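Look at the two complexes coming up: chain A is in both, with chain B in one and chain C in the other.
Moving on, here comes the complex of A and B:
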């Protein structure tokens, strides 16, 4: 087991725990740069992993760190996507300006949604965001002048500073760059006072307030920041799918996004990325596994039913909440600890403790 | 002039009058204790002071300024910090992070600076860290610095919560039953800390407490409350001997 001997306060501010960890991340980065060469057939799927990763960070900030669970994030993704495509195709703005504008607009919508949502907590907030997503989806279908309505809207490949990113590998690199950027900004904010205030709101609103955290301001900020990341992810997503239609941004997508952060592990950025890998790769695995299902008593026909995939997603969500509430990241830390402590690992280390009752709740 | 002046403070929950016109004065540099049977309205006074409840009538003057209607998040900046009866720590954070949150009222960095973690944010964080370390040293919590709250025993949590309140560098510290759930030994430690907070840090302490040995050991002034009314004010000895207080506790 490694132990970091700290000799200055600045060591608590660093992004990586020590040089060893930093080198592992550099190795991971180099590996990701080389991956399209190793797995050329999967480059397209992998860029989706990175886009989902951005979505995961976005929802993780809101649900995992601030404790506000949203079932309407597909709407933010849609707003980002439609806004970006409108600016690039219809207004012929430069690509990067368009992404920035899409980000700003989505953030503004996030703040607007956040304002009334401040008065709601828990499941009521979730229902409100769900309603918001349904309304926005309807707007996508009706506002034909901008969105192309139900006919949909084709999206060209991105062109940055005159350089085309039509090539799959180039687009892969672009998405990777945005994911790393998103992770960096989020890590910064999380180790600063704002990020701590978000965590405080999640764990105890009343204590946060008594320490001087303005709940309204910080919740709105979390909504705005989360939506902004979603807007950027939406812009990339638009290029990824190549064709925008309102039914892409359905409730099912919102559920998938939430599934991502829960399965990945609430309350860690690692979790957001693990969840993204899981959600992006799972449909690929399902579609390949489907063909291999034997015809026992019509089982092959059952797995080809249209509702099978969302059903499976729901089942996985339930199983994770029941058996591994800390998600893939939680399981990974347990495995790491098992080897670090070998042979002294104790199961009880992670047993959930009964917490003391809290009576002084605002709600 | 008194540090905190409470005048005819009253609050009704529906038809129940939890406080029916309570007035008292807390002198700077003193330890002021509120005692009383369950449901007397002790914690209600705290919740009014930290602006969680809206008073029905009355005024609260802190350092010459009327704080009766300021927003709740403004209280910490004005120099009032508190602990809670049932411990409201941020459980999925470390002791250090909890303490750093105690510095929130002194936050000076802006969102955009934090987004890029500019050198200014870095420097401010180190400043906060230094202030926090002083509290860690004061309360002997070095061993727990990086432990998560969920893994800490109750007694330590109690101290950590007090430490978090101290990190805000308050003028007035509200302690809601600092000894509840503590062992005899831990309660004795708590008495020493409260005295140190008053004499070494110069912080005025207003506390709600049941343990009469702790109350007599540290309090300069004691106020006895029952059914939202003041029964008696004075030194611990005077209040304990007051016939109304005896009646309230023993019946009669």
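Moving on, here comes the complex of A and C:
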């Protein structure tokens, strides 16, 4: 087991724990740059991983770090996507300006949603964001002048500073760049007083308030930041799908986004990325595996039913919540600890404490 | 005047369904503080089960109705005993995700078992109507309203006068105290789940002739949230009043507001209620304990 003995204050502020960790991340980065060469057929799916990664970070900030669970993030994604496409196609603004504007608009909407959310707690907030997303979806369908309505709106490939990103590999790099930017920014915000305040709010609102954290300011900020990231992700998502229609941004997408943070592991940025890999890659694996399923008693026909895949997602979600509430990242830390402590691993380290029902009512 | 009466009647019927689904939410929430996002999907299962017995096996409507309620209620109890009991005491978020996952599984199960087409359930009330003055009183709507009233009366009597009902009230008011008084709290919770699922199944069967049966029938649960919140999550009469209010608002919005408002009216009301009076019409004001 490695233990870092800190000898200077600068070590408290470094992004990586030690040189070994930094080198691993550099290796990962190089690997990601080379990946399109290794798996040329899957470049498009991989760029979706990065876009979902951005969405995952956004939701992780809100649900995993601030403790505000939103079931309406597909709406923010949609607002970002439609705003970006409107600016680029209808107003012919430069790509970067358009992304920035989409980001600002979604952030503003996020703050607007966040303001009434200050009065709600727990499941009420979840229901309110759900209602918001359903209303926004209807707006997408009706505001034909901007969104193209139910007919949808085609999206061209991105062109930055006169350079076309129509090539799959180029788009992959673009998404990767945005994901790394998002991760870097979020990591730094989370280490800053803002991030500390968010975590404090998550752990106990009353304790945070007593220590001088302004709940209204920080909750609104969390909403705004999360929505802004979602806006950027939406802009990239628009180019990825190539065609915007209101029913893309449905409740099911919101659920899928939330599934991502739960499966990945709440409360860690690693979790957001793991969840994104999981959610974006699983359908690809399923569609590959479907053809390989043997015909035992009609099993192959069963697996090819259209309703099978959402059910499988639901099952995975249920199993994770019941057996691994910390998600993939939690499982990974357990495995790592097992090998680090090898003969001395104690299973009780992670045993969940017996809890009685914590009432939110006043008696 | 006739149009308004007609709208009121239809709104009442739709609202009763919302009220019944909301009642299911509230029963479970009051007892276990879990919010069941799969309530709408239980409704869908109820409708499909009844359809299966009537159309596939040729049972009489009432027999199929009773069987569907019994099966879904048993299923609800089993669900509590095997899955949901494990998450009591965990953060509410986990429960929300769990029930969303369960809902997805139910929809998938329905689509694999019964197919993803749209079905109609033949009932004794189908396509019959009586004209009263200028108002067309469709028997399907009357069956919904009468069914809701009967069910609510039965539930009221059950909770008020039977030993089980009082024990359930005790268990939902204070778990620990109820436990000390010798009430089998776990079994009570399973029973509450059974009742809640049964109510959802009844709502599903009553709704089936009006709205067609398909696997997305459960999304009506989203509107029932609006009803439950409007009535103050945790108040049983509130859920019904909220449901009827939402039903009326929706129908009137559909008639007098531009296109598109009918579908979102419930959600707009929900957001307004949450922003202005989060405790709803009947909820009690309370601060969380530290």
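FYI, the second predicted complex is superposed on the first by the 346 of 363 C-alpha atoms of A that agree within 3 Å, B and C clash if a C-alpha of one lies under 4 Å from a C-alpha of the other, contacts with A are read in each partner's own complex, and residues count from 1 in each chain.
FYI, a residue touches a chain if its C-beta (ideal position, glycine included) is under 8 Å from a C-beta of that chain, and two chains touch if they have at least 3 such contacts.
Only a predicted model underlies this, so the values are computations on that prediction, with no experimental measurement involved.
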| item | value |
| --- | --- |
| Partner chain(s) touched by A:134 [first = chain B, second = chain C, both, neither] | second |
| Partner chain(s) touched by A:94 [first = chain B, second = chain C, both, neither] | neither |
| Chain A residues touched - chain C or chain B, whichever exceeds | C |
| Touching partner for A:206 - first (chain B), second (chain C), both, neither | both |
| Touched partner set for A:283, first chain B, second chain C, both or neither | neither |
| Which superposed partner A:191 touches (first chain B, second chain C, both, neither) | first |
| Partner chain(s) touched by A:124 [first = chain B, second = chain C, both, neither] | second |
| Partner chain in contact with A:321 - chain B first, chain C second, else both or neither | second |
| Which superposed partner A:262 touches (first chain B, second chain C, both, neither) | second |
| Touched partner set for A:152, first chain B, second chain C, both or neither | neither |
| Intersection of chain A interface sets (partners chain B, chain C) | 206, 355-360, 362 |
| Interfacial residue positions of chain A with respect to chain C in the complex | 63, 69, 71, 116, 119-124, 126-128, 130-132, 134-135, 138, 141-142, 206, 251, 255, 258-259, 262, 266, 302, 305-318, 321-322, 325, 354-363 |
| Complex contacts: residues of chain B adjacent to chain A | 43, 47, 50, 52, 71-77, 81-82, 84-93, 96-97, 100-105, 107, 109, 111, 114-117, 121-122, 125-126, 128-130, 133, 150, 154, 164, 168 |
| Residues of chain C defined as touching chain A within the complex | 32-33, 35, 83, 86-90, 92-94, 96-98, 100-105, 107-112, 116, 174-176, 215, 219, 222, 225-226, 229, 233-234, 259-260, 263-264, 267-268, 270-271, 274-275, 278, 286-290 |
| Complex contacts: residues of chain A adjacent to chain B | 9-10, 12-13, 185, 188-189, 191-197, 199-200, 202-204, 206-215, 221, 267, 353, 355-360, 362 |
